[in-house]
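Read through the structures below before going on.
The two complexes that follow have chain A in common; it is paired with chain B in the first and with chain C in the second.
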Partner chain A sequence: MSIDYLDGNALAGPLGEIFAVEVTTAVGTCAGCGAAGPVASLHVYGPEPGLVARCPSCEEVVLRLVRTPDAVWLDMRGAISLRIPMPEPRT
Partner chain B sequence: MGIVSRGFFGRRREGDAELPPGQYLTHDFPVLSAGPTPRIGLDRWEFTIDTETGETHRWSWADLMKLPSETPTVDLHCVTKWSKLGTDWQGVSLDVLFEDVETSAEYALAYSYGGYTTNLPLEDLLDGKAWITYKFDGEDLTPPHGGPARLLVPHLYLWKSAKWVRGIRLMNEDWPGFWETAGYHNYGDPWREQRYQGD
Partner chain C sequence: MRRLPWRAAKLTGIRQETATARTLVFTIPGWPGHLAGQHVDVRLTAPDGYSTERSYSVAAPERGDRVELTVELVEDGEVSPYLLEVLEVGDEVEIRGPVGGWFVWRPERATPVLLVGGGSGVVPLMAMIRARRAAGSSAPFRLIYSVREPDQRFYLDELADPQPGLDITYIFTRKTPDGWDRAPGRITAADLDGVSPGTDSYVCGPTGFVEAAADHLIALGHAPDRIRTERFGPTGG
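Then we have the complex of A and B:
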């Protein structure tokens, strides 16, 4: 059976439009099954009508992104959290 | 003397094809997917209509096959801008399935195997406007195109024609579906170019 999705690196460009940090290396936790892994490991369907990123463990939707002519719609209700690596703040 | 048959006018020439605004003509049948393609065995397939009062009407595949079918030829318009004209389907009109359904609900939510949903006013499913289809071009509908059965509502953008349809829930309030909650238009009339919210 052919694979009909891309990996989460396909989200780098569209998410880069709205986030100042590199989100594909962030660790997302699936609201469906609790599995945690980098955004880059999600299974991404689309790009049209929108990007739908699913958990590689349970296939539930973790993140959706639709680009309309004048907005980006981002739905992250399928993610409990997103842990974004950051440098230690300067003291 | 009428020497020109109706059939002479019947086939639209491509150059003359009238398309909704912003659409282009395609001859293939693109597959757009928001998830893995469900594979549903006919022995466990079922279709239900759930009313706002909690009543459930249920059909097995064998039940569906016993119902009178129609063979609509319709134009398809996808919100991603391709249109495919004169497509041939076979399926059961929603009017037949709703014959014994008592409801005063105004809204419907179609839901699918795999979790997809899409909302539309109930009146857009009735009066010969929608079908549960199981054949395309004379062949069994394949899973990538929504088989074994797909909702067909050709007067709206194709995302309303839910693939792998499993049931219709009737409601007194509108409940936006999968794409309608992510920026796409709540109704989706291609002739008014209702692609996104606010169009």
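Then we have the complex of A and C:
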């Protein structure tokens, strides 16, 4: 792969447009190799025609995000799961 | 928590940092605050409706509705020439943020910190240094700041003013000041040696710089999960 990439920090704004939680600190697990790490550490290519986030270990596509004038397409087939940190419930 | 809206941001101040970089001070009514290291998206919209956006790191810690960005001119860029050469005090752009919760430093954390910045990658690191001072933190900080030439350093006067517990090393890759010990050249493992592996590291700069610095740190025994990175791509501007 080319070295001309950004990292998952670049997803924070576009994902902030659709999610109410901060997703770049979530831990994703790659469907390609099973590596787990924060979304912020993914290798991100783009922004045109869309953002493509690849696993830093195996370079498989984990997540794709495309913004059209009236919609956002989010393809997460390369992620087995996303673990999103949540505040503990108040007792 | 709500999804991130675009907010009107009025330019209220300009500081020249180098021949090609300026700090832009915006006032953003309703700004929710931010952490040192976070960034914002800036959107410009032309009269015909065409719009484009870029991400910039915030250069200073939270202070009411004030947000400071340091922007380096990218030749042939689309956004930075407008921000630096067209936008005047009193003009407005749209800003969305703060975004990013990973590359952040929180003042309550007392662990020693290593900051490694390449070029304008120093901007979010400067926000951390300023946040440390503003909070009266005594966490030991070490900044390693790589630039091509001496006159490309941002925040030179402020960094020359000693702060207890903040150690600064400059690396020059093309030209050094007269009498400088280190020959000009890219960052090496030797530049990062002597930092305890128990340190929290923040590395920010162009992708190649970040890869090199992070690889050196890992080779020196730093745990990958203690190294936080933020890369600037070639598509900025």
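FYI, the second predicted complex is superposed on the first by the 88 of 91 C-alpha atoms of A that agree within 3 Å, B and C clash if a C-alpha of one lies under 4 Å from a C-alpha of the other, contacts with A are read in each partner's own complex, and residues count from 1 in each chain.
One rule holds for everything that comes next: a residue touches a chain if its C-beta (ideal position, glycine included) is under 8 Å from a C-beta of that chain, and two chains touch if they have at least 3 such contacts.
The model shown is predicted, which means the values in this text are computed figures rather than measured ones.
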item	value
Fit or clash between chain C and chain B when superposed on chain A	fit
Which superposed partner A:Asp75 touches (first chain B, second chain C, both, neither)	first
Touched chain A residues, chain B compared with chain C	C
Which superposed partner A:Asp4 touches (first chain B, second chain C, both, neither)	both
Touching partner for A:Thr25 - first (chain B), second (chain C), both, neither	second
Which superposed partner A:Gly16 touches (first chain B, second chain C, both, neither)	second
Chain B versus chain C as contact partner of A:Pro49, first or second or both or neither	first
Partner chain in contact with A:Ser41 - chain B first, chain C second, else both or neither	second
First, second, both or neither for A:Cys33, with chain B first and chain C second	neither
Touched partner set for A:Cys58, first chain B, second chain C, both or neither	neither
Minimal inter-chain CA distance - chain C and chain B, angstrom	10
Contacts on chain A seen with chain B and repeated with chain C across the two complexes	4-5, 46
Chain A-facing residues of chain B, complex	32-37, 79-80, 115, 159, 179, 181-184, 195-197
Interface residues, chain A side, partner chain B - complex	4-5, 45-46, 48-50, 52, 54, 59-61, 64, 66, 68-69, 71, 73, 75
Of all residues in chain A, those that touch chain C in their complex	3-10, 12-13, 16-22, 24-25, 38-41, 46-47
In the complex, chain C residues that touch chain A	1-4, 39-41, 53, 55, 96-97, 99-103, 207-208, 211, 228-235
